[in-house]
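Quick one: this structure, given as C-alpha cells, is what I'll be asking you about.
To keep things simple, chains are lettered A, B, C and D as they appear, and every chain counts its residues starting from 1.
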Amino acid sequence: MQEKLQTPLIIVNFKTYLEATGDKALKLAKKAEKVSLETFVSIGIAPQFTDIATIAKAVSIPVFAQHIDPIQPGSHTGHVLAEAVKETGATGTLINHSERQLKLSDIEEIIKITRKKNMVSVVCANNPAISAAVAALKPDILAIEPPELIGTGIPVSKAKPEVVTNTIRLVREINPKVVILCGAGISHREDVAVALKLGTQGVLVASGVVKAKDPYTVLREFAEATKT
Amino acid sequence: MQEKLQTPLIIVNFKTYLEATGDKALKLAKKAEKVSLETFVSIGIAPQFTDIATIAKAVSIPVFAQHIDPIQPGSHTGHVLAEAVKETGATGTLINHSERQLKLSDIEEIIKITRKKNMVSVVCANNPAISAAVAALKPDILAIEPPELIGTGIPVSKAKPEVVTNTIRLVREINPKVVILCGAGISHREDVAVALKLGTQGVLVASGVVKAKDPYTVLREFAEATKT
Amino acid sequence: MQEKLQTPLIIVNFKTYLEATGDKALKLAKKAEKVSLETFVSIGIAPQFTDIATIAKAVSIPVFAQHIDPIQPGSHTGHVLAEAVKETGATGTLINHSERQLKLSDIEEIIKITRKKNMVSVVCANNPAISAAVAALKPDILAIEPPELIGTGIPVSKAKPEVVTNTIRLVREINPKVVILCGAGISHREDVAVALKLGTQGVLVASGVVKAKDPYTVLREFAEATKT
Amino acid sequence: MQEKLQTPLIIVNFKTYLEATGDKALKLAKKAEKVSLETFVSIGIAPQFTDIATIAKAVSIPVFAQHIDPIQPGSHTGHVLAEAVKETGATGTLINHSERQLKLSDIEEIIKITRKKNMVSVVCANNPAISAAVAALKPDILAIEPPELIGTGIPVSKAKPEVVTNTIRLVREINPKVVILCGAGISHREDVAVALKLGTQGVLVASGVVKAKDPYTVLREFAEATKT
C-alpha cells in the first residue's frame, strides 16, 4: 500500500449518482479532502472514470477508479486501462463491487496488474466465503459487505456483530495482512465506530455520504468516529 | 446530429493505445483539431474515458466516448453514465465496437438514452446483416466494418467494392437517413477516397492514425482525401 | 420453416420450472402432443436442455431448445451446440429470450447456424425497435413481447391493441415473411384469439400453461381459440 | 463426495466435440464404463447437456454436467438448473472451466447449490492463485490447470514439476480436504502417473481421450497408470 494510505481508512464511492457527477463530483471531492485535512483521517474517494483526472489534479487525498479492466494497452475500445487511470494521478481502483461483479480469473488478473503498476487494489466481496476467496488472491484492501446488512437500512451496530467478526476470522486464516473495510449499512457515526471495534480497519461508504443533505458534516462525523 | 458534425466525417478511435493515453492523448487530440481547422473537414476523436474531460475542454472538435452503459443515474459502480460523458462536453459516443460488443437490447437502450440527452450515437456493426439490424434502431451514425477487410491489411480500394455497396444498399432499404462510416482497412489516403466514392459519408480509423509515426501528416492526408 | 410447423402456431416455453423438469416435462410434452393431435393445431414445446432428447423421442410435435450458443463443434465446455440439439431430433431453438439476452452479433451468428443446419430459429424481442432489428436478421420466427404487457397480468385484449399492430407494421416494413408470434400476457383463450386477430400468427406461452392446475385444458382452449 | 466417487479419479470432459455428441457420446460413455469396470478405477464423464439424461440412464459410472447456472427453479429460459441435471441421474457438475469462466459470486453460489442438492462440484482453476481462491470456497473437487502446461503439448512429466507441487501446497494451506485433479497436458499414461506422484488425486482429460483413434485403449492405459 502506498504511504499516503493509512488506517483507519474511509473510502467514499461516488457510484453514478448525479450528486457526484462532473462539477458536483469535484465539489464533493474537495469536501472529502477538507475533512481529511482537518481530522488527519485517511479518506479516499472513488469518482466516475470521466471525473478522475480533474479530481486527482485538484485534491491531495487518494483517488480510486471504480473499476479497471484486465487488459494491456492496445486494441480494447471502450475498456478501462490501468495505465490510463494511473496517469491521472489516481492511487488505485475498486473492483468487483456488487454492482460490477467480475469473473474470478479477471479479479486475479486485475490484482496482478495493479501490483505491477504500484496501484492499490480494493476488492469488494459480498459474503464471508467470497471474502475468503478474495483474500487468497492477496489484494491490498478487501471491502466486505455482510449480506445481512446490505440494503436493509440496519446498521452494523444493531445487526448481529458475529457476521462481521466471522468474516474477519475467515479472511485472517488465509491472509493476515490485507486491510479489511466494512462496506454495508454504514450511515451513522456509530456504524463507523462499531465497524472498527469489530476489527475492520475502515469503511466503504456511498449514499450515506453522497446523498446526504450535508456530506461534509456526515463525513466529518464518520472521520471523528474512527478515533473513538 | 449536432450542427458541428458535418459529412464527410473522420472519427479517430484512440482505443487503449499507450500512444493515445493521458498527455499523449491530449497531444493527439490537438493534432486532430489542427487538421480539422486547416482543412475544414469534420474530424471527431474518441479518447479513453479518463481523458475525455481534459480533451473536451482543450479542443473545439467533437469528442466521443468509446462506450456508455445502458444505465440511469444511481447505484451503478464502475459503469459509464451518459450524463457524466455529456457533462465533460463530449458530443456523443461510440458503442458496440467489435472489441466491446453489446446485447441487442442494450444497444437499443443506449441509442434511446443518447437521443434523449441530445448526444450523437455512433454504432459499430461488423457485417452486412448486423448493419441492417443496427440501421433499424435508428442511430445517428453507423460505422460498418466489412468482415472481409478487418485485420487483413487489405485496403477497401483493393478489396471487392461490392461488399461496401451491398452493405450500404441493405442499410438504406431500412434507414435512408443514418450517416454511414466505413470502419475497416483504412490506412492510406486512397482508402478514404474510395470509401467515400463507394457511398459512405466518412471513415472510422484507429491504428492507421494513432500508431503512425506522424499522425498529423496521415490525418491531414485523410482529410484532403475526403475532398477528392 | 420445416413442413411440420404450420401457423397458427403455439409454442410452450418450459423455462426452468420444476413443473416442467424431468418426468414432469415429459408428461407435459405428451399433453401438448395430445392437444395438437386432437385439434390439428401446430403446437411446439421448448423444454430444458437435459430433457430435449427424451422428449423429442417420445412425442411427434416440434421440440425447441431454449437457447443455443454461437459456436462450432470443438473446445467449448459448458456450451450448447446446434449439432447436439439437432441430433436429439429437435426442430429448432428459441434465442434471445428476455431471460437470456444475447449480443447482437451472437444473435446474427446463431441465426446463420440454424439456417445452415436446417433448424428453425425463434428469436424473442422485447420492444418494437428491437423487433425491427431482429426482423432485419431474417429469423424464421419472431416472438414479440410488447413491454406494456410483460408481467403486468394485463391481457393483450385489454391493453392498447395498437402496441401489437404497430410492432407488426414496423416488422413487416423490413421483413414481410417472418412468422410473428405474440409472447406476453397470454393467459386466457381470449388473449390467443385477440393476438391472432391483431395480425400475429401464433403465441409464445409459458407459465399460463406450465403452472396451470390443468395444463391440458388450458392448452386445449388456446388451441381452439386459434380457430375462432 | 458420493460413495461411488473414489480416488484416484479420472474425469473425461466431452466438451462440444462432434466425436462426443449424441450417439457417439453414448458409445464413448460405454467405453469409459467398460474401462472402469475392468480396472476398478473410478472414471467420471462430462457429456453435453443434451446427452446427460440418455447417458446417465445407460451407464453405471458417475456422470457430470459441464456447467450449471446459479439459479433456482423458475423463470430462467435457456439456463441450466441443478434440479434438472440431478433428475437425470447425474452425480455432479464441472464449473468454471477455462472455456466457461464464471463470476466469483456465481462460483460460490453454484457450489452452495450443489452442496444443498448433494451433487459433486468440480471447479476448474487455471493458475495457482485462482486455485487457492477456489479452495477457499470449499468445492468437492478442484481441477488445476497449470498455465505453463495448457495447450503447449508439453506433458506434466517434462514440465517443471514444482508448478504442480506449488499449486498443491497453496491449496492445502487453505483447504486440506478438497480432492485435487490435474487438468492440463495429460495425453500419455506417464502424464497420469506423474500427476499422481506429484500429489494430485486424479486427472481431468478431454481431447487426449475423446479425439484419440482408440479412446478405449488410451483410457485403459490412463486407468492402469493410476495404479503405478
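Operating definition for what follows: a residue touches a chain if its C-beta (ideal position, glycine included) is under 8 Å from a C-beta of that chain, and two chains touch if they have at least 3 such contacts.
All values reported here derive from a predicted model rather than from experimental measurement.
Peer 1: State which chains count as neighbours of chain A and simultaneously of chain B.
Peer 2: Shared contacts of chain A and chain B: no chain.
Peer 1: So, what's the distance in Å between the C-alpha centres of chain D and chain C?
Peer 2: 34
Peer 1: Taking each chain's centre as the mean position of its Cα atoms, how many Å separate chain A from chain C?
Peer 2: Distance between chain centres: 45 Å.
Peer 1: When you check chain A against every other chain, which residues touch at least two of them?
Peer 2: Residues 98.
Peer 1: Give the pairs of chains that touch; include all such pairs.
Peer 2: Pairs of chains that touch one another: A-B, A-D, B-C, C-D.
Peer 1: Quick check on the complex: what are the chain D residues that touch chain C?
Peer 2: 13, 15-18, 21-23, 46, 48-54, 65-67, 71, 73-81, 83-85, 87-88, 94-95, 97-100, 206-207
Peer 1: Under the definition above, what is the set of chain C residues touching chain B in their complex?
Peer 2: Within the complex, chain C contacts chain B at residues 96, 98, 101-105, 107-108, 125-127, 129-130, 132-138, 174.
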